[in-house]
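Below, each structure is written out as structure tokens.
Here subunit A shows up in two complexes: once beside subunit B, once beside subunit C.
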Partner chain A sequence: MIYLWASLVFVGLLVGLAVLLTVAERLLINYGICAIDINASETTLEVEGGQSLLSGLMESKIFIPSACGGRGSCGHCKITVLDGAGPVLPTETPYLSRSEIRSNVRLACQVKIREDLRVTIPEDLLNVQMFSATVASTQVMTHDIKEIRFSLNEPTEITQRPGQYVQVQAPSPDGPVFRAYSISSPSHEPNVVDLVVRLVPGGIGSTYLHNLNVDDPVIFTGPYGEFHLDEDPDTEIVCVGGGCGIAPMKNIIYTLYERWPDRKCSLFFGCRTTADVFYLDEFKELAVKHPNFKVIYALSDPIGPEETWDGETGFIHLSVDKHLEAGMKRQAFLCGPPPMIEAVTHVLEEKGLVEEDIFYDKF
Partner chain B sequence: MTPEVSPLVILIAAIFTNNILLANFLGMCSFLACSTKIQTALGLGAAVIFVMTTTTAINYGVYHGLLVPLGLKYLQFIVFIAVIAAFVQFVEMFVERFSPPLYHALGIFLPLITVNCAILGASLFMIIRNYTFLQSVAFGFGGGAGWTLAIVLMAGLRQKMGYSSIPRPFQGVAITMVITGVMAMIFMGFAGMVTIQ
Partner chain C sequence: MAIVTVEDVLECAERFEQMLAAYYGELSEHAAREGVRMLTDYMSRHRVRILEALDKLSCEQVDRTRSVPLRYEPHVADHTCFEGVTLSPDSDAADVLDAAVSFDECLVRLYRQVLQQDVEEDVKELFESLLHAEQRDEIELKKIKAMDYF
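Up next, the complex of A and B:
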């Protein structure tokens, strides 16, 4: 009998506390519907309060880039919140510079919607859509690089500028995360999106993508990115890529020759060994059709005794230095590891390019 | 029973002579972790005062109104912990609603108040010392205030310590422990002021 009482009292007490807590939650964590005013009243959204600004915007089909799934560990989801965000939180400060804090830049995933907000979102991001697609083909390029083609289902077309990227949704133990990959298919093929993916050991996104089979469904958002191709046909385009950094370059080059068959363009591609070389035949073919297109592949590791190689050797920035004469009107696109970007930027600046004409993507 | 001691005396005693942190060394974990900034220390201290006062009051009611009549005194530990856990949840919601920066600054230490031994300690002292209701509430409030006093003093010292050259082996928690010991000895100076058990 005494045990019955004991259990009854204990369970009763727990139930009572649970009820009290539920009531308190209803009263305290209820923010009602809040309005988000975007770009000085251009658009106004009504979203449910209590969630993060990132998920609130995502609900309304505004996709802010975010790689970590809203846990505040990537620092990609920066947007300007003019009003209603409250003070900057300790979880945001590591990702924000002083000038960003002064101009009200916040991490959208850390800002909780508690009241009406006024935010500024770049026009580009408002055009970002969520796509559902199926894998049309996968092709092994090198021992760790695969080219994966998605054919778009909903919406059926993507409007992208060459050099832009998409964020592919990949499953992870902590819920879906997004990983960024450059689009390598040219912008005149709006029904497909090609990605060039290097398998990173232990990487969530690359492991997921490498294990996809034909007809598997995928979801991604895009296009994102600041690359802007110069519309003036007299400007020479310089593309420098390392490893799977060739993806945006392929997009830029094919888009370029679709529009301006005679435009001058040089592609520099840096690899380690002959085993890492891919797309070379396609580019050589293109160079035959368009005489103003120069392809330079360079290997940084010594060439093995049985291998044949008729391209350049050494680091890619040395080839850039060798093949470009100074003082031309140029625009450059770089994509590759940070030391490569730094070395190439240095060379390009010596050749007379200004900072605004050098676009780069470090990874 | 100690009905003759006025609640006010217990309140003063709990802050100075019987400081729950410096005399009983309860609640050291969050004391060491959250004493780097006065602002954070004050916030956590306020939360501890609130939780300690409220939980001693509720636990008094639960113990004397429910457990003693039913002869279930042995359930006191688990029941006290359940009450404390529920209250900390409530405080967490409250702080998140009204002070997000404090909520993020306290981080994991806010939910950890649940297992802050000082809170459970206060409820258990109340039983051992046979306090009346008013005495219990005074003890709970005083205990929380004493803990807050200690952590805020420590935070002040640690902020100053940022500018002093501490020998390498003493940096970090080591010097904090040493200072806590010194503070405890200083508080012993209050010993003659009032006496409770």
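Up next, the complex of A and C:
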């Protein structure tokens, strides 16, 4: 018993000391107002010192992607800090390569604003906005996947490129967190944002989104992502998705056919069983309207006695290998788990695509 | 509780990584399901990559700290981590991924054991990096499971 009390007292003392130090830092150390010089003085912000760079930028409506709410556990909030950041912290090193460290890339959530800073932020990120929206509809796609449509309130329009994503604010016991979801609605529908969400047991973001009802308010930031669709109409687009990774493909395909009705595009989608198949009929209808659009779905589990399936079987990289001729000018977009990405990339490279033509979301 | 050096703890982590790479490699060879074969083959190669990074790390960056003494609880990350795991060639991907998360937890406990001690900044920095890398790996495994592809 005495050990328990001793441990409790010790832990209590440590917690007390930590609180005291935090309070003392807040009260006694005043960093004052610090300047953040962005992109060689294109913009200069004045923010309260003592907060993280991520918070300081967010306060000024510059939204750097971050999935963990600034706890340093997702590694998404990378930006280049040229001056004033101090040494790289151990909490940053697992997320930064040596060349990134050499190039002054830092995690914005781990950099504390103590003095004036000079940073470089890609133009795309400066255009990211915070949106308030309302749930317009929810549709059950499979036993664990829903399509959720947001109608935008403020701002009322989003300018997005196919393949980009938004970060939805979800409540959690530790305060709001942001979770990334690809936009599945095409870029020519600027007043709405559609998401395709698989329910992950215990997942903060997916549970929140699956429980939303029509007219519920939502907050998200975006758009994020560096994918640029090849503007050359002779370049064939290859989309390969696995599991529930079809949202960005839907956006790419519908945006593509709005602009180039005759463009060549192949969609490959792999899932396990017929119960996981969705959007297939919709894509087949689109293929009737646009003969250069090919749709190939493949199931990897053995077909059950009560299932009917006339599509491909096996893992999706095998279908890509079977149906894609080598040597065409192509751009590929992949979405799925890393072993699938690796297998598909290998097949695509054998078909003549080079690394620069193959895009995928960082997992 | 034994007293060992930083080098000993890193060697323990390397041995465990070797065990994991071999274990996943073995599973990959005998798995009945194609998806489990593909997944475990990837996981085996991933552990080899981590092992190589650890090896490189211990050569290049640990020289100054390798003989720092540490308190060490044995059997945190060794063969005992496999004792409760009952994977077979018929196991599905979800079982494999659950087991993989539990193996990662063994390494997390090993690194935390060091970080709970009053160690110098260099040692702390090294093990914090290793801990974060392992935690990130755990998140990746959970995301693969959530995608339900294999």
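Simple rule for what comes next: the second predicted complex is superposed on the first by the 333 of 363 C-alpha atoms of A that agree within 3 Å, B and C clash if a C-alpha of one lies under 4 Å from a C-alpha of the other, contacts with A are read in each partner's own complex, and residues count from 1 in each chain.
FYI, a contact is a pair of C-beta atoms (placed from the backbone, for glycine too) under 8 Å apart; a residue touches a chain by one contact, two chains touch by 3 or more.
What you see is a predicted model; the values in this text were computed from it and never measured.
Enquirer: Kindly classify A:G311 by the partners it touches after superposition: subunit B alone (first), subunit C alone (second), both, or neither?
Expert: neither
Enquirer: Have a look at where A:T91 lands relative to subunit B and subunit C in the superposition and call it first, second, both or neither.
Expert: After superposing on A, A:T91 lies in contact with both subunit B and subunit C.
Enquirer: Have a look at where A:W5 lands relative to subunit B and subunit C in the superposition and call it first, second, both or neither.
Expert: first
Enquirer: Which touches a greater number of subunit A residues, subunit B or subunit C?
Expert: C
Enquirer: Which partner chains sit in contact with A:L20 here, subunit B, subunit C, both or neither? Use first/second/both/neither.
Expert: Once the two structures are laid over each other on A, A:L20 reaches subunit B alone.
Enquirer: If you lay the two complexes on top of each other, which residues of subunit A touch subunit B in one and subunit C in the other?
Expert: Overlap of subunit B and subunit C footprints on subunit A: residues 90-91.
Enquirer: So in the complex, the part of subunit A that touches subunit B is made up of which residues?
Expert: Going through subunit A, the ones touching subunit B are 2, 5-6, 9-10, 13-14, 17-18, 20-21, 24-25, 28-29, 86-87, 89-91, 112, 114.
Enquirer: Considering the complex alone, what residue numbers of subunit B touch subunit A?
Expert: 62, 66-67, 70-72, 75, 78-79, 82-83, 86, 89-90, 93-94, 96-97, 100-101, 104-105
Enquirer: Show which residues of subunit A lie in contact with subunit C when the two form their complex.
Expert: It is residues 73, 75, 90-91, 93-95, 144, 198, 200, 203, 242-245, 270-272, 276, 300, 314-315, 336-340, 342-343, 363 of subunit A that touch subunit C.
Enquirer: Along subunit C, where are the residues that touch subunit A in the complex?
Expert: 34-35, 38-39, 41-42, 124-125, 128-129, 132-133, 135-136, 139-140, 143-144, 146-150
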